[in-house]
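Take a look at the structures below.
Below are two complexes that have chain A in common, paired first with chain B and then with chain C.
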Partner chain A sequence: MKYNKGKGRFIFFCLTPAVILFVIFLIIPTIDVFRMSLYKWGGYTDDKTFVGMQNFTKLFHSDKFYQAFQNSILLIVIVSVVTFAFALVFASMLTREKLKGQNMFRIVFYIPNILSVVVISAIFSAIYDPNSGLLNAFLNLFRGAGSEPTLWLGNQKIVIFSLAGAMIWQAIGYYMVMYMASMANIPESLYESAGLEGASRMHQFFNITIPLIWTNIRTTLTFFIISTINMSFLFVTAMTGGGPDGATEVILSYMYKEAYTNSSYGYGMAIGVVVFLFSFALAAILNAVTRREHLEY
Partner chain B sequence: MKKILGLVLTASLTLGLAGCGGSTDSNASTASGDSTSSSGETRTLKFAALETAYGTDIWKEVAAAFEKNNPGVKVDMTIDKNIEDLIGPGMKSGDFPDIIHLAVGQPKGLTETFIKDNNLTDLSDVLSMTVPNESVTVKDKLIPGFTDTTITNPYGDGKTFLMPMFYSPCGLFYNAGLFEQKGWEVPKTWDEMWALGDKAKAEGISLFSYPTTGYFDAFFYALLNEAGGPEFFTKAMNYTEGVWQSPEATQVFDTIAKLATYTEKTVPANGNKDNFTKNQQLILDNKALFMPNGTWVVGEMGKAPRADGFKWGFTSLPAVKDGGDRYSYTFFEQIWVPAKAENADLAKQFIAYLYSDEAAAIFAKVGAVQPIKGMSGKLDGDNKLFYSIYDNGAKAAMGAFATTDPVEGVNISDAVFGTVDSLVTGAKTEQQWVEAITKASDALRQALKK
Partner chain C sequence: MKTDNHTRKTGGKFYKAFIYLLLITLAILIIVPVAWVFIASIKQDAEFYGNPWTFPEGIYLTNFADAWQKAQMGSYMLNSVIVTVIALGLLLVIALPAAYVLSRFKFKGNAFWNMLFMAGLFINVNYIVVPIFLMLNNGDKAMRSIIGHPFFLNNLFMLALVYAAMALPFTIYLLSGYFKSLPKEYEEAASVDGAGYFRTMVQIIMPMAKPSIVTVILFNFLSFWNEYIISMTLLTKPGLRTLPVGLMNLMAAQKSAVQYGQMYAGLVLVMLPTLILYILVQKKLTQGMTMGGLKG
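Up next is the complex of A and B:
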């Protein structure tokens, strides 16, 4: 009995520092965001005016908010789907096939993930350059020099997809490595017996590989949402500044502009609240939709 | 024994937590009245500035000279390209620098936030202070007009809250060498501009480029003055009802919309903070004739390759009609004192010193020109050409949109200037542009500072 009390006390004191840090740096700031979204505040004075839900009312009447929100959703969908597909295929190839230079490919695919966003933005700005960019130079092989260059970052209908391209390139390696880790745990015997039964590679992929790493896939879906929202802000800031004329404004860059450039810090926090609720709801929905019976080996 | 071990581990974890606390440097700076050197006590002036193209060395020199002139005073400088991030957290918790050298128009909008919050010290009495080591007052030394603008006097009460620094004429930059080779003349009216544009187009040269849409502020302000004069400009800057539907405003919008059709098509693609120098490069490569800019562009593109015979040329905007006024917008930076600064009186003395001949000479070494009389006569090289724009018939335009309380979701710069990209790409029409401006203007009129 004495022994148990002492142990409990020890556990309590070990947990205390971590919990305190968690509360101070995560819980309290989050609550503060919700609180400040009810105020009209410039950000640097004590002059705060309580305005209730007025910030949210204005938000839902703002065209710019809807443009930014649409851009964010579009990026979440495109980047998630494409990255997911490529990462899964690459992971499968690198774990299941006997490729020469396999380890080198593993490293090469992962490199974009460790590069700074600014570096990647510079790379893709060069690739997308209208006159001397790699992409237009390549396309000119087929449509002849002297034709109108495609303005990858200047055409407002295209630029959001150009941004998505850079984000996809950056993200594939990260998820590929996660999927590879899961796939490595699948017993080889399952594939061998399937092979003996005449199952094709494609069949094995969809009926053995994917079901058995499903737990990992579900986890990464949440990562996709969070990282796309965050990374889209970084890429927009570094690459396009939200332009041309708001064509690539995303929800977080809009929040930044309102909170700082437009001196509407409370309104910016209201946008933050919406982002929080949206990503939370989206993650919950995805989690529910993708729930399946857990398969064991 | 097991219990003792548990306690030791817990204690070490707690110490680790204490280490995260960070040192709360309680700066007990005792304000010893107005005297700057009473009983040998040292006073510290906290100065914060954005590091710009002019660098940091000039500020160190000026601070050293000021300290020499004021025994017992020490200038504590924080100069950084991201100054807002450095001093922002401190200010949120009530720790303000005594002086901040940060202009309006920055992406983080810190200066604008302080203006909108009425969080500035009144600097009107600096104008009546005598410039240190000289016999004239600051007001008499400054070039007239610089402290009469909506930027320096944001509340319309005649009081000055931001002091002007480092002015630059803005206008159209071009390759004078190319014009000489082709035998072309620099247009004096917009009709001549369009004629030149057609001629240049035939030779594969675009008429116009711009670094980013942000540079259209100087352009737009100058054009408003040309179309309707300073009175009309003031009306526009105060969001007067119906101003954007007036004939003068329509002329401005028509001109810019037409200019958009003469603009190099790749400009919006490079019109961001990483690639805007490519848009400036178009001038050096003779792929575009004109671009709006300020005198800092010469240093900015100092190391860029250029066409043979390239020579910087600078002109004001063409007149809207033959014989009409031509304007060059005068861009200038600002320096100001937070309302809660501890040493506002010392800050004012420092600001007054910045207009002394001694300080101005230090600044001029890197091309930072103070808005004081006689300064343009001391310049040489390209700067002499640029700053003589006003001696060659161009009128000076100053001022900006009037100060308002923050209006959530409404930003006049985005509406007026940011939309030019869409005019070039064709994504928006001139009418849509004017409608968006009118809508933003209506919202901001309600929020004007009274």
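Up next is the complex of A and C:
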């Protein structure tokens, strides 16, 4: 720039509103989560006592917490394995083969990602309805109309898988479009020469496609864990409320309940801290485990 | 060699048919539930007993009128429109200059703020909504003693402000990436012509950033329109609910009152704006997604 008159002032005016908003609504509340986890506090009164690690000791002796934790991990595992496998395979099919209606498929697969979680929950509640739902009506075609209806959201053993189904339905298209974009950058000549040497499609998928988009897979994996933890909370809140009998309680829904319904904010925030540290630890572990040499093409 | 080639070709045919089968199955699994909601929204309540696969006997539009008025989805929609528009406006006015300055100016603290906003990408709304609620609640206590009535909670503008704040890290990240790719010559030429910093930004840089601004608007429209945890927490007055929260309540009410038609009409009302927008801009949206590579 030729002159510097007013540069400092310009920067100040451009940056200040963003910084203020960011500090008030993101930084301070984040610090608050950590700070409040050390207090015994109901939230509405000024009556708070510093209790140190007491909330955390209480947490690690709580069966409810372990159940919620277990449910969360189960959901992360089921949803991520199925979503990743399908998204990768479908993305590879759509990029590798010259198919008619390719664009149409891509448009359709992305639809769930633009819908509100509340909408998806409502749709799936209707699908899972034991008496008037689509799923039982469909299954009755095979097992006879008079058979006992399956309680997709009412049976403690099944319900977590029903939730996983809705979450997978929502996530597949997003990751698919993402992988398609990175797969489109792989030069066709690599596949051609591999094909001439007699490598099957399966071989090509595992030895060319996967290694070349590995960086992308790693990023999405880490990102996916954090987003599954959040998504499971939203789905649980909208679909089951944690029930039946705690069978779908996940860590964040447990946190929310403790903080608001039971008015124990300190304890609730301690749960928040544990979830926060847990997701970062998981991301770090995954990052280390999936580290490979970077491949260029 | 010849036979080998031949088997590979027929194998290819089967393989292709298999792929089509898989893709069509997934497409059906996605389209059918969504289409079913649209069909169910014109059914009469009595039609919900029995086989759910039957087509409606007629087009029963009363569901929409009921959802709009009796279930108040109309006023919830107005609330959603207000919040989304204000939040988008605030976000652009605040994030654009910040991203511009952060990505194209050298100054003390630049690296620090860049890093802090990046770190913001990892801050999670679902934890911090609790402290935010408490903060605004405390603010209201103070407000009651000063101006006599609460101000921060149950305020659509405050909700929009919180939405805008939540969207800042991702938006700044995305816009900065775009600004960084522009050549320095534009600013230099503008400065030679005597334009100040502000004019250069508004008249030269902003128009060039249009594609990334469109991406930012699309993504944040979807997330603001569909959001419900913050909205549910910060708006406790029934009359102020946004669409997703109103829909949640309608779902809960439907369980006891058995007004299925109304609920499905409500669902259509929430879905329709996003579906129309998606159909209009689907290419930009999927391109933008891979450009940003993140979603909140």
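We adopt the following convention: the second predicted complex is superposed on the first by the 269 of 297 C-alpha atoms of A that agree within 3 Å, B and C clash if a C-alpha of one lies under 4 Å from a C-alpha of the other, contacts with A are read in each partner's own complex, and residues count from 1 in each chain.
The rule is short, and it goes like this: contacts are C-beta pairs under 8 Å (C-beta built on N, C-alpha and C of every residue); 3 or more make two chains touch, one makes a residue touch a chain.
These numbers were taken from a predicted model, which means no experiment stands behind them.
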Self-check item: Partner chain(s) touched by A:156 [first = chain B, second = chain C, both, neither]
Solution: first
Quiz item: When the two structures are overlaid on chain A, which partner does A:255 contact: first (chain B), second (chain C), both, or neither?
Solution: second
Quiz item: Is A:288 touching the first partner chain B, the second partner chain C, both, or neither of them?
Solution: neither
Exercise. Identify the partner contact of A:122: answer first if only chain B is touched, second if only chain C is, both if each is, neither if none is.
Key: both
Quiz item: Now for A:42: first (chain B), second (chain C), both, or neither, which partner does it touch?
Solution: first
Practice problem: For A:94, decide between first (touching chain B), second (touching chain C), both and neither. | Solution: second
Quiz item: In the superposed arrangement, does chain B or chain C reach more residues of chain A?
Solution: C
Quiz item: In the superposed arrangement, which partner chain does A:13 touch: chain B (first), chain C (second), both, or neither?
Solution: both
Quiz item: Taking the superposition as given, does A:26 touch the first partner, chain B, the second, chain C, both, or neither?
Solution: second
Exercise. Scan A:172 for contacts with chain B and chain C and give back first, second, both or neither.
Key: second
Self-check item: Overlap of chain C and chain B interfaces on chain A (superposed complexes)
Solution: 6, 10, 13-14, 17, 21, 43-44, 121-122, 125, 238, 260
Self-check item: chain C contact footprint on chain A (complex, rising order)
Solution: 1-3, 6-8, 10-11, 13-15, 17-19, 21-22, 24-30, 32-33, 36, 43-44, 86, 90, 93-94, 97, 99, 105-112, 114-119, 121-127, 132-134, 137, 169, 172-174, 177-178, 181-182, 201, 219, 223, 226-227, 230, 233-234, 237-238, 252, 255-256, 259-260, 265, 268-269, 272, 275-276, 280
Quiz item: What part of chain C is in contact with chain A in the complex they form?
Solution: 15-16, 19-20, 22-23, 26-27, 29-34, 36-37, 40, 48-53, 93-95, 97-98, 100-102, 105, 107, 113, 116-117, 120, 122-128, 130-132, 134-135, 137, 161-162, 164-166, 168-169, 172, 187-188, 191-192, 196-198, 201, 222, 225-229, 243-245, 247-248, 251, 260, 263-264, 267, 270-271, 274-275, 277-278, 282, 285-286, 289-290, 293-295
Self-check item: Residues on chain A engaged by chain B in the complex (per definition of touch)
Solution: 6, 9-10, 13-14, 16-17, 20-21, 40, 42-45, 47, 55, 58-59, 61-62, 64-65, 121-122, 125, 128-131, 148-149, 151-156, 238-241, 243-247, 257-258, 260-264, 266-267
Quiz item: Tell me, which parts of chain B touch chain A in their complex?
Solution: 2-3, 6, 9-10, 13-14, 16-17, 20, 84, 88, 91-92, 107-110, 112-114, 116-117, 119, 212-213, 265-275, 278, 406-411, 414, 418-422, 425, 427-428
